[in-house]
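Next up: some structures, all given as structure tokens.
Shared chain: chain A. Partners: chain B in the first complex, chain C in the second.
Moving on, here comes the complex of A and B:
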């Protein structure tokens, strides 16, 4: 019973990372119609920033979190300007460009961190929160889930209550109609990738003290993000959040009771199943070509 | 395309010259360069078979895993059941093809972006099964001590005999793939890509043709996988991961996917470049990445379009001069 409750709690905490990591992918795909394969590497760069600045050079943790967000956002904006913008009419071209970026970012990470074993960051928040004497949550995880929820709330406010947020949603619904209303699709693309990359950087920064950091960690992130995106419905942000929670719970349970690999295999199979049975996912709507 | 793929005399002479060159080439190479030549020849079959899949306009991300399906089939059959290489090699193709047929039912309900992601997911699920189920597949480390082919008294552990074996099999497969592309089927595949609705309206079952291309492409890449692991002696999930899939994509795109020889050109040029860069191992992926971006942005037609471009520039210059 204790293990059950603990697993549920762990799953919920995990869902924060999943949602943060997936939302950038959903946002960029929704607005620009391009699959950013390097999205996992953006998360990886965020984690490396923490390792390099905080663990190696002693810069305070919270400061490096902001730094990670800034660096990753800058990379995202550069990708938009030099790759996705020239490739506007060619989604496959954009995807292939992002694969090129993926390789480059991995090499940069290898150069900064060197080869060898995965890096560890000592948790800046020590101690464990004990609820009802059975459920144990390290403060680091409490902090992570708190910041994740806060960031998602800010994003939700931005998208539903501000003019710029409306414009972002308008472009992701119908690019041409939005352009006809006088919305600059280029500017909105920059906003989308900026916000998406910032979320990815934050996810990496929060994950850093809780996971093994290596240049290939983006691979698992992108698989998770794909599953969440597809199951939630391509282009749907609420769908992505719901799918993050469901998938995180599912993955944590299967990992706890069976193994991590089986959890990922079943996740991928669920995703294929969703693609066959209901390609629009939980919350998506049919996109007219 | 009106001569329907029949080779004319000058092409035949060129091919004969190429073969003569390839026959004597390994004798002038160092040991690791001979290894490289074998892998390069196998990769030619990989890209050409991938080209067949992409002819219908769908870019799949499962081709590397299909190669793995063939590789595992052949490796496990020959190791555990002591079946001869000459039987397991075609078996590798058949099993990979059958797997593709099975997967085509769910996967071809999707198109474009969804197909890309779906094929990626299906491939990754298969690959993770090789890691998870240690019993037949051997887990992350894979399976080693795969027997090498036996034929008379030839020692296929040596690179040169194995290279000749690979050269013969790859040549046959590439020729078959060439004939398929230039046949009526191949022309229909082109039609499905460029004029899908029109093709359907004249009675072409596009679903069948897409599946046919996918199954045939997987069959040939399964053979390529078997050829590879019987030489290395080890088969592991890492060999067929998304990284290798990306290399296939890069070869096809950098070479150019409009003509049959474009993909081969890409594989050969980039592999040789890769071999030259051996000294800077850490940097290699970044150079690959940058090359890919450069080609997509500035030379979307690939290497094979360079001669056309030069010709065009030359003609423009001349017309301006007159």
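Moving on, here comes the complex of A and C:
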């Protein structure tokens, strides 16, 4: 029973990271119709910012979290302005550009961090929360899941309660119709990639004290984000959040009771099954030509 | 307007600047050994210096540079009546097989390397056909690379993962109350499974029951479920057979309240683990790779271990790993054999090396391997059992690997076969 409860807690905590990482991918695809392969590297840059500023140079952790969000957002905006915007009518071109950015960001991380071991960030919040003498959650993870939920709530408020958020959703639903209503799709694209990159930066910043940081860590992030995005329904933000929770619980349970390898293979199989049986995913909807 | 003619024309000025810059550049880039009267003797390192496995390559290069620097500063090394300066030529194969083959050929054909040191695994398998045909003395840290036909491939320092049995033996003797163990490691054939089989054999011999073995892939980003899963078996001992993820696993053990014994093949960057957990938690962890400022290293077959350690850490304070001293040990062993053989040529040195008794770095020294891999090209001897005490790695004893293998080879082969690993 203890293991069951601990596994549920582990799963929910992991879902926060998955959701933050996937949201950006969904936003950018929904609004710009570009598959941003460099999204995992945006998470990586967020983590490297924490390592460099906090672990190496002693800048307070919370300040570096904000710094990571700002830096990654700036990278996202630069990508939009100089890569994706000129490729507005060429989704394949945008995808190829994003692969180029992926390599560039990896090289920058290697240049900043050097070769050698994965980088480690001592947890700013030490200690472990023990619930009912059975469930143990490091305070760093408590902090991370709290911030993740808060960030997702803010995003939900932004998308459902503000005019700008409505405009983002409108462009995501039908770019041409939104433009005909006077919505600036260029401006909304900037907002989408800015918000998506900010979420990626936050995910990296929160993950940094909990994982091995290296230039290639974005690889695993992007695979998970793709699975979550496809299962949730491509372009659907609520779908991405629901799929994040389901996938994290599924992956954690299979890892705990079977093995991590089976969990990864099963996750990919589920993605393939969803593509075959229900291509729209959990929350996506069919668009007729 | 008055025009004054000077002796310095623009062309002349540019010539002077170019000459000065060339001289300054040459002075800064030509190594001092180029001015030495000694011949150059090149030793090759075909290793990962970038990528995920760089920590098991690059520190070794730094270490060999220190050894070479010290030898050259002392006037070089005399072999067969000729005095040489040591030159370390490296090739970064980033643990990619095609690059490893390219690197091998470059080091041998262009740099005239007399021995090529490698990490092991798939990169060694890739170079073996060419290197053995050309009879190039090649070294590996993974003796499981050795085959009945690889006569010029030797493992003269690390005998991964055989030495792990010494840690288990020490643990069983000093903590007889620890009766159950779990093993967590990556699921690759080259490192993880070899080490898992060895630990399983060592635990069986020690009378310790392995209650769970969790083999994970290289895509794990969260070790919480894995650690929760194995700790549910209430083990007395948590074993990391050989993991690239020691730090996050130790972190999870700490947060999930594990209070038993931890034994690991490596504990690279253990100071970072302490920073992420606590000194109290890491204290008592047993592993197999000493720091070289350990007083217990006095008398080992390696020149001034403490001085070497100080030199390394002064220049590369964050890069010390197990391989920092292993490649240098191989280099020192090669020099001893070349001197004894009176030749620097691969064939002569290899024949002398494998045909004579050797002084292993930590004592003892015998050729082994035919029982498992078909050729006695693995140099085994005493191996240190290390424990973290007061936040510092300290040698507890030197285990007798040869004696364990003599007594328990059948058990080891049984577990190797159970994991589908190659044995003779």
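Here, the second predicted complex is superposed on the first by the 287 of 289 C-alpha atoms of A that agree within 3 Å, B and C clash if a C-alpha of one lies under 4 Å from a C-alpha of the other, contacts with A are read in each partner's own complex, and residues count from 1 in each chain.
Just so it is clear, contacts are C-beta pairs under 8 Å (C-beta built on N, C-alpha and C of every residue); 3 or more make two chains touch, one makes a residue touch a chain.
A quick note: this is a predicted structure, and the numbers were derived from the prediction, not measured.
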Regarding the shared-chain residue A:154, is it in contact with chain B (first), chain C (second), both, or neither? neither
Check whether A:78 is in contact with chain B, with chain C, with both or with neither, and answer first, second, both or neither. neither
Which of the two partners, first being chain B and second being chain C, lies in contact with A:5: first, second, both, or neither? neither
For A:131, is the partner it touches chain B (first), chain C (second), both, or none of the two (neither)? neither
For A:272, select first, second, both or neither according to whether it touches chain B, chain C, the two together, or no partner. first
Which superposed partner A:66 touches (first chain B, second chain C, both, neither): neither
May I ask you to decide whether A:106 touches chain B, chain C, both, or neither, giving the answer as first, second, both or neither? first
Contact-wise, after the overlay, does A:177 reach chain B, chain C, both or neither (first, second, both, neither)? neither
With the two structures laid over each other on chain A, which partner does A:264 touch: chain B (first), chain C (second), both, or neither? both
Between chain B and chain C, which residues of chain A are contacted by each of them? 110, 115, 223, 259, 261, 264
Touching residues on chain C, where the partner in the complex is chain A: 49-52, 54-55, 58-59, 187, 214-217, 219-222, 224-226, 228-229, 232, 245, 247-248, 251, 255-257, 268-269, 272, 275-276, 318-319, 321
Per the contact definition, I'd like the list of chain A residues that touch chain B in the complex. 35, 83, 86-87, 91-93, 95-97, 99-104, 106-108, 110-111, 115, 219, 223, 226-227, 230, 234, 259, 261-262, 264-265, 268-269, 271-272, 275-276, 279
Which residues, counting only chain B, touch chain A once they are in their complex? 59, 106, 109-110, 112-114, 116-118, 120-122, 124-125, 128-129, 131-132, 242, 246, 249, 253, 282-283, 285-286, 288-293, 296-297, 300
Which stretch or stretches of chain A touch chain C in the complex? 2-3, 6-7, 10-11, 13-14, 110, 115-118, 120, 122-123, 128, 130, 136-138, 207, 209-212, 214, 216-217, 220-221, 223-224, 252-253, 255-257, 259-261, 264
